[in-house]
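In what comes next, chain A is part of two complexes: it sits with chain B in the first one and with chain C in the second one.
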Partner chain A sequence: MNSIQKNRLKDQLFKFWGIGCTLIGLVLLVIFIGGILVDGLSRIDWAFITDLPSRKAEKSGIWTPLMGSIWILVLTAIISFPVSVAAGVYLEEYAKKNRLSALLEINISNLAGVPSIIYGLLGLEVFVRIMNLGASVLAGALTLSLLILPIIIVATREAIKAVPNSIRDASYALGASKWQTIWNQVLPASSGGILTGIILALSRAVGETAPLIVVGALAYVPFAPQGPLDQFSVLPIQIFNWISRPQAGFIENAAAAIIILLLITFIMNGIAVYFRNKWQKKLQ
Partner chain B sequence: MTEIMTEKTEDLKIEAPIVEKYKLQTRDVNVYYGDFQAIKDVSMNIKPRSITAFIGPSGCGKSTFLRLFNRMNDYIEDFKMEGKIKIDDNNIYKNKIQLEQLRKDVGMVFQKPNPFPKSIFENVAYGLKIQGIKDKKLIADRVEKALVQADLWNEVKDNLNKSALTLSGGQQQRLCIARTLAVEPSIILMDEPTSALDPISTAKIEELIHHLKKDYTIIIVTHNMQQASRISDYTAFFYMGELIEFDKTKKIFTNPEKKRTENYITGRFG
Partner chain C sequence: MRKIKELIIEKSLLSSALVTIAVTVGIILVLAIEAFLFFKEVSFFDFLTDTQWTPLFTEKHYGILPLLSGTLLTTFIAISVALPIGLSISIYLSEYAPRSFRKTIKPLLELLAAVPSVVYGFFALVVVTPYLQQFMPSLSGFNSLSAGIVMGIMIIPFVSSLSEDALFAVPKALREASYGMGATRLQTAFKVVVPAASSGIIVSIILAISRAIGETMIVAIAAGQQPRLTLDPTVPVETITAYIVQVSLGDVQHGSLEYRTIFAAGITLFVFTFLLNTVSFRIRKKYREKYE
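Then we have the complex of A and B:
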């Protein structure tokens, strides 16, 4: 075998190694989803979605945790959106490049790496106890907002950075102020990227369990929340609760609830991809 | 608003007597980027309704000098400027001058066409809308007038709501000129406006510049020697941040005073 053939062989070997590695994750995911579908698909019907929780597995539904998740999702979006986008705009457009802004940047990156349970403890102390919100939807949403804030800030900054400077120059040269330039040109041009970041962050928030358990979300809530100060449960907690029960019927319920939760995150990711593609086209 | 305006005019009264016949005057202008001196002691007078070309090798400071007139260098972090620049007898580097007001009067067209990712109409109307003009009829009239002036109206009048990014490069650059004209400036700065365009689009823009001369004072930076000689009345030759020679274009290109100018325009260096 000469050296050319040896190199070709190495090339082929690496290719198959790479294909194998790529498939590991995919195959596992397919097995997992397949298993879930087999266990849970037959359980899903309209009643399963609209029924309240019950001690009997076949009578239990996911109405309260589903509504809890939706409440959490909407409140978290409302709270985190203005705060994180404003922070991102400030850091990218206004902040001078000095020690203070470098410190801020390092801290935001660090926040993104803090384990979510720590955010739960923070939320418990600040929102549940000091602000006296109790184990409410609002306290949960505030905690999750903190959790996803750094993610959205980073996404906002990336999206703003991608707006070409020539657009800012053009706006300034026509007599626009800084704010007019940001509001009329920079934000619309970066909105797709910002939106993508927000949706991805929210789809992470909807799957979070640990911080909400610490804040005091319950496994059993008799009614869906009616306002931001009501008690709540969320889908991941309900799933965890059902899985830890011995009866087979609850395992089926858990599988069905997982399908619903996966559906929600897949749809949100799909919307994010759609916005990203649309935005990329617009800027070119 | 009126209060601000009166305060401004008082503030901007200068000490020296006015020389009526000049639109723009610079005196002993120095520009530094940190330790680097980009412009050295440049003084120059520019007459109204004339076309002045800035020529010189890359990095000679001609673009920096041009961007002084609408204060676009202000955004560069360690930019520092000394000396005086007067437009219509107002010192534009007085502390209290309003940048927005200055840039309404001194428009700018950039090297690469840079339309906003919005409709053709929105691009031209933007400068008016940010001034707080809400009258739809007035905006529509001004947009049409600007597009006619920029010789683009006939090509786009049926597609005003189409994205500006669908236009060709030459059309985009004329749109950028229209956008500048819509806010009715008196001076138009052009920073190599045709360097990204094909010869036919370039010819169109040159013709347009020639027409605009009767209403506007135009200053154009160009790398293209033929372009400078074709369209400008005056030519300034910059080298290493210094103004080497500034005279009537005809004189610069046929009988320059300085050896360096001659070497540059005949292509012996740069």
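Then we have the complex of A and C:
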């Protein structure tokens, strides 16, 4: 075999290696999820969704952590949405190239890389202790809002960047002010991209466990939260709690709860991808 | 009137942007103050050199090294998994794969990172560890090996996605020159494209490392809760993040020394990830200037 043939062979081999690598992570994920479906699917019925937690595995349900997750989701969305979109608009439309905007930029990039558990420590000290909110849904939602702030800001900026300048120019030419242009033209045109970013960020918030444990969310709460100052648990913490128990029945419960959590995560991701595709088509 | 309204709007948007600065300042202040109070009672020298971490036992030791070694060990294993696979994926997708395949597979790969980490922890403990025990009977039920491997799978898209962007941004002309000399795709990829995109690839690796250091639930579930200064991947260890979770789950009095240990551990974690993130931001900035 001469060296040209050898090189061609190597080239072909790498191609198959590359395909293998691309698929291996996904194949493992499918195997994992398949195993979980086998373990947990038979456990899921209406009673599993609506039952309160119990010391007996077969009587336990996910009603309180499920409601806790929904509370967290809604509050986090309400808190993080206005602040992060406003910050994104400022950085993309107003900020001049000066030291402040450079500082904001490096700071947001750094915040995106701060481990989520550190946000938990911040929330524990500021929201739980200093603001005296206790281990409440509100304290948890505020903590997660700070966590997803950089994600939504980056998504908002990308979406606004994608709006062609001709739209802005046309608006200015009609005599609109800067804010009128942003409010009536730029934001509607970028809304699909912003929405995608928010849904993706919220789907991450739903799966977060560590910061909420640090803030003081409980593994066992007898009732679903009634208001923002109530104690709470969330699905991932319930799963974590069930995994840590030795009895086999709880592992089955954990698998069943994971199916519900994955369902929520994947549906949110699916909706986000749908909005992004629709928006990108419209933009073109 | 209109001018005033515009100005008010601009200022309120600016104040939203400044919230991000407040978050950073808040994190640093909270960690620094609590860690300062911690170091009033525990000597900084002991913290860095003592080889035992037992704040919850009667005989207390406050050496961060066991937690640090646990963190670095799981991170090392995760990167050993994610780096070769992630890089191969990025080279395959940018240099070999047909466009349509690339377009469908990218969002699917992102899905790996979208799965909540508590779910990966379940995989590591319930699936991977028992599977590995078939070949390694001495493997403990909690170990850094399976936690690290599963964490590696989770961060594959962090390496592959950013590296692929960097490879894809390399100008076509460089590739064509290489093909014109008779090089194969493989030779072009490794001798021309990868070196040209090296800064972007390094950024992706640094970010993946920073991600692995801060990952919590996988290690809290599958790596155990025994601080141990070791490089043996088959025994239980404890990472910085897992320790914070362990203390948070218990009933620790606010203001006690035990309470402050989680902030001392937290500031160590923060310093590491902050350095890594800053370095990667610098490299990215430089590299962006190079191509634009």
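As a working rule, the second predicted complex is superposed on the first by the 276 of 284 C-alpha atoms of A that agree within 3 Å, B and C clash if a C-alpha of one lies under 4 Å from a C-alpha of the other, contacts with A are read in each partner's own complex, and residues count from 1 in each chain.
Following the convention adopted for this analysis, a residue touches a chain if its C-beta (ideal position, glycine included) is under 8 Å from a C-beta of that chain, and two chains touch if they have at least 3 such contacts.
These numbers come from a predicted model, not from an experiment.
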Task: Which of chain B and chain C A:273 touches, first, second, both or neither - done: second
- [ ] Could you say whether A:153 touches chain B, chain C, both of them, or neither, answering first, second, both or neither?
- [x] second
- [ ] Check the residue A:18 against both partner chains and state whether it touches chain B (first), chain C (second), both, or neither.
- [x] second
Open item on the list: Is A:189 touching anything from chain B or chain C once the two structures are fitted on A? First, second, both or neither.
Closed with: first
Task: chain B versus chain C as contact partner of A:36, first or second or both or neither - done: second
Task: Which superposed partner A:177 touches (first chain B, second chain C, both, neither) - done: both
Open item on the list: If we overlay the two complexes on their shared chain A, which of chain B and chain C does A:223 touch? Say first, second, both or neither.
Closed with: neither
Open item on the list: Once chain A of both complexes is superposed, is A:166 in touch with chain B (first), chain C (second), both, or neither?
Closed with: first
TODO: Return the chain, chain B or chain C, that is in touch with more residues of chain A.
DONE: C
Task: Doubly contacted residues of chain A, that is, touched by chain B and again by chain C - done: 177
Task: Of all residues in chain C, those that touch chain A in their complex - done: 2, 5-6, 9-10, 12-14, 16-21, 23-24, 26-27, 30-31, 34, 84-85, 88-89, 91-93, 96-97, 105, 107-109, 111-112, 114-119, 121-123, 125-127, 153, 156-157, 184-187, 189, 207, 210-211, 213-217, 220-221, 241, 244-245, 248-249, 254, 262-263, 266, 269-270, 273-274, 276-278, 280-281
- [ ] Over in the complex, which chain B residues touch chain A? Could you list them?
- [x] 70, 72, 75, 77, 99-104, 107-108, 110, 112, 114-118, 126-127, 129-131, 165, 176, 179-180, 183
Open item on the list: Can you tell me which positions in chain A touch chain C when the two form their complex?
Closed with: 7-8, 10-11, 14-15, 17-19, 21-22, 24-26, 28-29, 32, 35-36, 82-84, 86-87, 89-91, 94-95, 103-104, 106-111, 113-122, 124-126, 129, 146, 149-150, 153, 177-179, 200, 203-204, 206-210, 213-214, 216, 219, 236, 239-240, 243-244, 251, 254-255, 258, 261-262, 265-266, 269, 273
Open item on the list: Which residues of chain A touch chain B once you look at their complex with the stated criterion?
Closed with: 97, 164, 166-167, 169-177, 180, 184-185, 188-189, 282-284
